[in-house]
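The next part holds the structures, each set out as structure tokens.
Shared between the two complexes below is chain A, which pairs with chain B and chain C, respectively.
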Partner chain A sequence: MGLFILRRVGVMILTALCLTFVVFFLTNLYPNLEKLAKTQGNARMTDAEVASWIDRNGYGGPMIVRYGEWLGVVPGWTRFDEQTEQWRGRCFERGENPEDAPRFCGILQGDLGFSTVSDDEVSNIIGGRLALTGVLMFWAFAVMVPAALLVGVLAGMREGSRMDRSLSTFAIASTATPEYVSGVIFIVLLASSTAGLSPWLSEMGWIEGRTLFLGSARSAMEDGINIWNFTLPVLTIALYGMGYIARMTRASMAEVMTAQYIRTARLKGVSFRNIVLKHALRNALIAPFTVIMLQFPWLLTGVVIVETLFNYNGFGWTLVQAASNNDIELLLACSIVAVFVVLVTQLISDIGYVFLNPRIRIS
Partner chain B sequence: MEPITWTGSFGAFLNPLMLAAVVVFFAGVVANFAMNLVGLRAGEVQINPDHTLTINRTPVDYALMAMKYSVLLFLACWALFVIGGLTLPEYEQKGIIGAMGQRFLPVWIALIVMFALSIRFKRKLGLYGKLFDSPIGMVGFGLVMFWMFSAIFADLIITHGPIDVISQMRNEVPGSFLPSPDEGDFPLYILGGDNLGRDVFSRMVMGAREVLKIAPAATLFAFMVGITLGLPAGYFGGRLDTLLTFIANLVLAFPVILLFYLLVTPEIVAAGIPTAMAAVLFLFPIIFFVVLWNSRYHMQPQKRLLYISISLVIGFWLYSGLAFNADPLGIISMPGNILIVFVSVVFVNSPTVFRIVRGIVLDIKTRDYVAAGQTRGEGPWYIMLWEILPNARGPLIVDFCLRIGYTTILLGTLGFFGLGVSPESPDWGSTINEGRRLLTIYPHPALPPALALMSLVLGLNLLADGLREESLKD
Partner chain C sequence: MTPSTPKGLERHPAAEMYAREYKAGQLSRREFMTRATALGISAAAAYSLIGLSPAQAEAHMQTPPMGGSLRIQMEVRALKDPRTYDWSQMANVTRGFLEYLVESRADGSFHGVLLEGWEANEDASVYTLRVRPGVKWNNGDDFTAADVAANFMGWCDSTVEGNSMAARMGGLVDPDTGVAREGAIEIVDDMTVRLNFPASDITLIAGVADYPAAVQHRDLIGTNPLDHGVGTGAYRVTDYEVGVQARLERNPDHEYWGNAYLDEVSFIDLGQDPAAWFAGAEADEFDMTYETVGEFVDLFSAIGWTQSEVVTAATVVIRPNQNNAPYDNPMVRKAIQLAVDTQVCLDLGINGQGITAEHHHVCPIHPEYAELPPLTVDKDAAYAMLQESGHADHVFEIVSIDDDYRRNTTDAVAAQLRDAGFNVERTVIPGSTFWNDWTTYPFSSTNWNHRELGVIILNLAYRTGVAWNEFAYSNPEFDALLDQANGILDADARRVVMADLERILQEDAVTLQPYWRSLFRHHKPEVINADMHPKFEVNIHYLGIAA
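Presenting the complex of A and B:
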């Protein structure tokens, strides 16, 4: 078991290195740097000026060395600026003495770099944003997982029954509705003052405000979350992921229900309720566990869409901003977080699967 | 002039009928659920001593019957609206639904012809024919073909150009008449105007063409890549398998949205990355076909030469046009922004296909007929492409349908973030994105493309489900 985990972690680190290098490579391509130079300097730079800007700000040199600097295994660059007669470098503020600064400053030293657009340390920005997204994810999971498991178990316990057919169709419909579609439909139905249910409800005097829910989660960041401003984003994320988990649970439940030991229990006269709850359920939930864990990377896309749609300034929104403003270090930090989340969930799902399933033993 | 109503003159008596159908349906659902909880069951068939059958109808049966007929009634109302749209002369009488039904006339004709022919000859059509035994599959197929035909006949269906702007029609509600229509102009915006004054209906229909131009082709390419790499990985195993699986997992570990944001930017196009990726990815179909023919006909040199040279000529002709935009004949070309969208969608999809193919191969290669082939001295590629692949077609066809749906969603995501599409493009994702800004005040521009995308993907999913069910039957 220890060796298995060790090997998985090794592969994971290798994957993380490859992925971050790919991201680093794509964000540091020359046209991207040129754009950065023009946004940071001025838009009418000549090619020679661009080249010298890139060189002055430490974006020159071979890609692999700069990747090493960013990672923190190669000493950060230092350069003497002849115009201002000051030392400049990766690891210290302009004008400081390079002797006092640490030699290495990269991810491994916990330095995520500097966001050129927000004019702030990346680590200051990304922490708060991640917390906001964490709250959103938590509620999305709290809604999605129980609902999906319930739908899956109810559908799978009597395969082919009418209940199975209607719930399966619902699950299919929910996988066919991406966030940007369900979000739009939800907003029109429940959060619009001119269409959908809200005008009718407020006319009847059943709701206090003008709309049933709020079509933007902006207030959730300042005033705290409540049902009014957080229902729609959570529902939107939960709906798309739910169908897939429900289908997997259904398949697993249907398989378990045809197993020999279930038949034995039925023949012994155990009631159907007891068979489902005590005998089938636990074995049927092993496979969905993996699926739920692997759902995280999917949710990441969903989070980006939902945060853009509902104006919620979390991690996904930051990613979009960083990418569209060509904020290289922020984007790199975002991708580190994304890659980390994906890999860790994969690891947990692998290890958890082995733990949960007594038939698999890795010696 | 006042905008026309949704239901026109038929609405007076069909609207209450539809409402009644909906009410009855939901009452049936609730009653059914309640009776299930109490423990009532549907009536069962009893065999009498004189070999006749008796069904005792219970309240559950009546509830189910009520639900069934209310659905039929609801659909019949819709059909009547469409018929009204085709027969009534004035747009006020047709209503919005009728007017739309009338515009979609070529689609209806094509659908009816296709369904009639398919059901007539379904026993001779293999898996495709069997699809018409499954109601779910038929519904899915109908939805998919509806959008397919809409895309094909889009020029006949649209009422205005997808980028024609009439500024007075900005944000006008569905059914609004044009302020001063010229001779020969369609007199109204059926589904209203968007925030720039373009016709929402025409943009939705043209959006179908945009999506269906890319999604199936990109999925097909992803399958070619996935199959060409997955077959040897599963069959040979070993180092090759480890390496390919590692690369596939690498791509899969990338959050899709991040990859899109990194790849689909003008700067990346300027750096030539998409061309390089296209150069690699588009090579796989050529390799696939060359290996396919070579393994089959390597004992018949003439046939082999013929088939391989045909594949190479056509393959490299398309390759030069698609990947490098350098078609010597100047027929095939792909603009840079479409190419990058196409390439990234193929790139994202192919590792999943690879994993599926590899899994199936690992399963099938233990079968006896593979061992028999090996004993006969068949080469590994012959076994992979002509023994294993045909036997893996069931799950692959099902996954193909699902994956077109997923690709459609991906394309919508790209459009939603405005990546890789021209700003005027009528594709569904960008239209939703444009409409969402004023969503709470003017819901009508964003809703039609959203519902269209949902129905297409739903149709593909239902089609896949029907195919899976029918292919498992034998």
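Presenting the complex of A and C:
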């Protein structure tokens, strides 16, 4: 077991290295740096000014060396700025003496770098944003997993019945609707004062505000979560994943229901209710468990759309900001977090499998 | 009426006509004020035209009740040294604690803030600035002439990368050293500063009212105000997260010299998508917008928000560059002008949200605007003139940036030229590369921002050899007249010269300049003094919420 986890951690580090290098390579291509120079400096810079800006701000030189600087295995760059007669460098503030600064400052030293769009250390930004996304994901899972298992089990226990057909149709429809579609539909239907249900409900005097729910989750960050500001984002995320997990659970349930021991139980005269709850359920949940764990990394991409749509300043929103503003170090930090989340959830899934299914053994 | 308001803003022939109509009962007072102030008359002067006392003139800005908190939708960007601000949004946050010497109001008039008043000599080369007494910094220091002089020194320092104030300081900057000229900034006494220009300069007051001219403490020039928070204003920043929000609250440890009403103001960043702003408005995330654009103007009105509109001198020029054949031929340029109807550009380009212009880049809200005979559009005559010039076979390639209104306006021009029989090709270039060559494209469109005076824009763009002369326009007669106009402080006198300047620009067919853009803002009905400003200024000291 220990060896297994150790090997997994090794794979994780290797994957993180490869992925960050790819992101680093793509964000550091020259046209991208030129765009960065123009957004940070002046939109109307000449080519010569761009070249000088890139060099002065430490984006010059071979890419592999700069990747090393970012990792913290190569000493950070220092330049003497002729214009302001000050030293500038990766590891110290402008105007400070480079002698007093550490030579290395990268991921290995715990320095995630500086975010150009937020004008702050990446480490100061990313923590709070992750916490916000954590809250959103928690509620999404809290809604999605029980609902999906319920739908799946109900549909799978009598394959081909009317209930199975209708629940399956619902599950397929929900998983076939991406967030950017369902989110917009929800907003129009439930959170607009001029369209959808809200004007009607408001006219009937059934709701106090102008809309049934809020089309923006911004107030959830400050005033706390409530049913008005969090329903739509949670529902939007949960709906897509729910259909998928429900389909998996149904397939697994249907298979278990045809197994020999279930037939034996029926012949013995065990009630249908007891068969489902006591005999079938545990075995039917093994496959969905992996699928649920796989939903974590998937949700991480799902929140990109939902957080942007509902103005919730979490991890996904930060990723969009970093990408659209060419904020290289913030983007790299986001990719590290993503790699970490994916591999850790997969590790949990593998270990959890052992406990659910005694036939499987690790190492 | 403060004695410091430039003379030119007191009178305007059209405003006097409106005043007569008001007295004859043909115009309501509100209608009169809207029209007269749109002409560039200060509100106070407008009131005096219809015989109301100056005391009543202050009444156009309401006095809100004390207290309340307000949320404003606006991008929250990283702050830096105010001299190097390149977005009005940055200044709107810091305006809560870093005030300005002078402010320009939506009606085009200038009012002293940290200055009590100012006087210029006859030829506008020596300015005497009188510091407002009784103003304190929130660190306890007195605000004195030393602060004003130190800020002028800082503004004149063109060696600071990105310091756009240096260009606004004009003759105060020594071109050889790049810093303030010896003896240009004089401290006369504790409350008086004198500025000595080598030649006339009538743009100074407009320059120090602009958003990068935030006044910092004398010892803190060149620093990021967020790091120290020292200012003269009534507020202080409690929370600043780039891209998310900025929050200011009334500073309890500071005695503010003026009035401030709100207890707390938040600037809420909802990104750049107007659809997200609208969703935020529906979800009651904020009480007023920074700017409402395009189709969302109608949508915000539809949900019951109050609309505020201001005509500005912001515009688009679709110009040929005279260094490129066949645009060196005035007949070709004239033919282009004859073929294009400004109303069509206004309707198709910006959805009719503005007023038409006259191809000479001086706006009716500029104090020295002179009215010329209306333009004629004649497509047949245009084509005949093009044939006569011998360039009927030329393929006119019109370049524009890839965005919404600039591309649409350029398309409207191209379509009209095609209607007239011109052979037109359109090229659209993405924003990241468009600006590399914006001054040298043979025929392209460019947006120009609002400037307070007509001469400022003519000096920036139409004078021979200046950096932003994208027209490659060179006319010694025009330059000489412009020099003359630059020396006339009185707008009425300057208007006489301006009429000639405008006429020359039209006759030389320098550019197409089809419309002036209106800017819109929406706010909840209970928000007070939240009217749109031509330069997007928000001064939170004035804002309030009705009880």
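One rule holds for everything that comes next: the second predicted complex is superposed on the first by the 359 of 363 C-alpha atoms of A that agree within 3 Å, B and C clash if a C-alpha of one lies under 4 Å from a C-alpha of the other, contacts with A are read in each partner's own complex, and residues count from 1 in each chain.
Just so it is clear, contacts are C-beta pairs under 8 Å (C-beta built on N, C-alpha and C of every residue); 3 or more make two chains touch, one makes a residue touch a chain.
Being a predicted model, the structure only gives us computed values, none of them experimental.
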First, second, both or neither for A:Ser192, with chain B first and chain C second: both
Which superposed partner A:Leu300 touches (first chain B, second chain C, both, neither): first
Which of chain B and chain C A:Lys35 touches, first, second, both or neither: both
First (chain B), second (chain C), both or neither touched by A:Asn357: neither
Which superposed partner A:Pro178 touches (first chain B, second chain C, both, neither): first
Touching partner for A:Gln321 - first (chain B), second (chain C), both, neither: second
Greater residue coverage of chain A in the superposed arrangement, chain B or chain C: B
Which superposed partner A:Gly215 touches (first chain B, second chain C, both, neither): both
Footprint overlap on chain A, where chain B in one structure and chain C in the other make contact: 34-35, 187, 191-194, 211, 215, 308-309
Of chain A, residues touching chain C in the complex: 34-35, 38, 41-44, 46-47, 83, 117-120, 187, 191-194, 209-211, 214-216, 218-219, 229, 308-309, 311, 313, 321
Chain B residues touching chain A - in the complex, by the definition given at the top: 36, 64, 136, 246, 249-250, 253-258, 261-263, 265, 267-268, 270-271, 273, 405, 409, 412-413, 416-417, 429, 432-433, 435-436, 439-443, 446-447, 450-451, 453-454, 457-458, 460-462, 465
Chain B contact footprint on chain A (complex, rising order): 11, 15, 18-19, 22-23, 26-27, 29-32, 34-35, 162-163, 168-169, 172-173, 175-178, 180-181, 184-185, 187-188, 191-196, 211, 215, 297, 300-301, 304-305, 308-309, 316, 319-320, 323-324, 326, 331, 334-335, 338-339, 342-343, 346
Complex contacts: residues of chain C adjacent to chain A: 78-79, 86, 159, 161-162, 241-244, 268, 270-271, 276, 279-280, 282-285, 302-303, 432, 435-436, 438
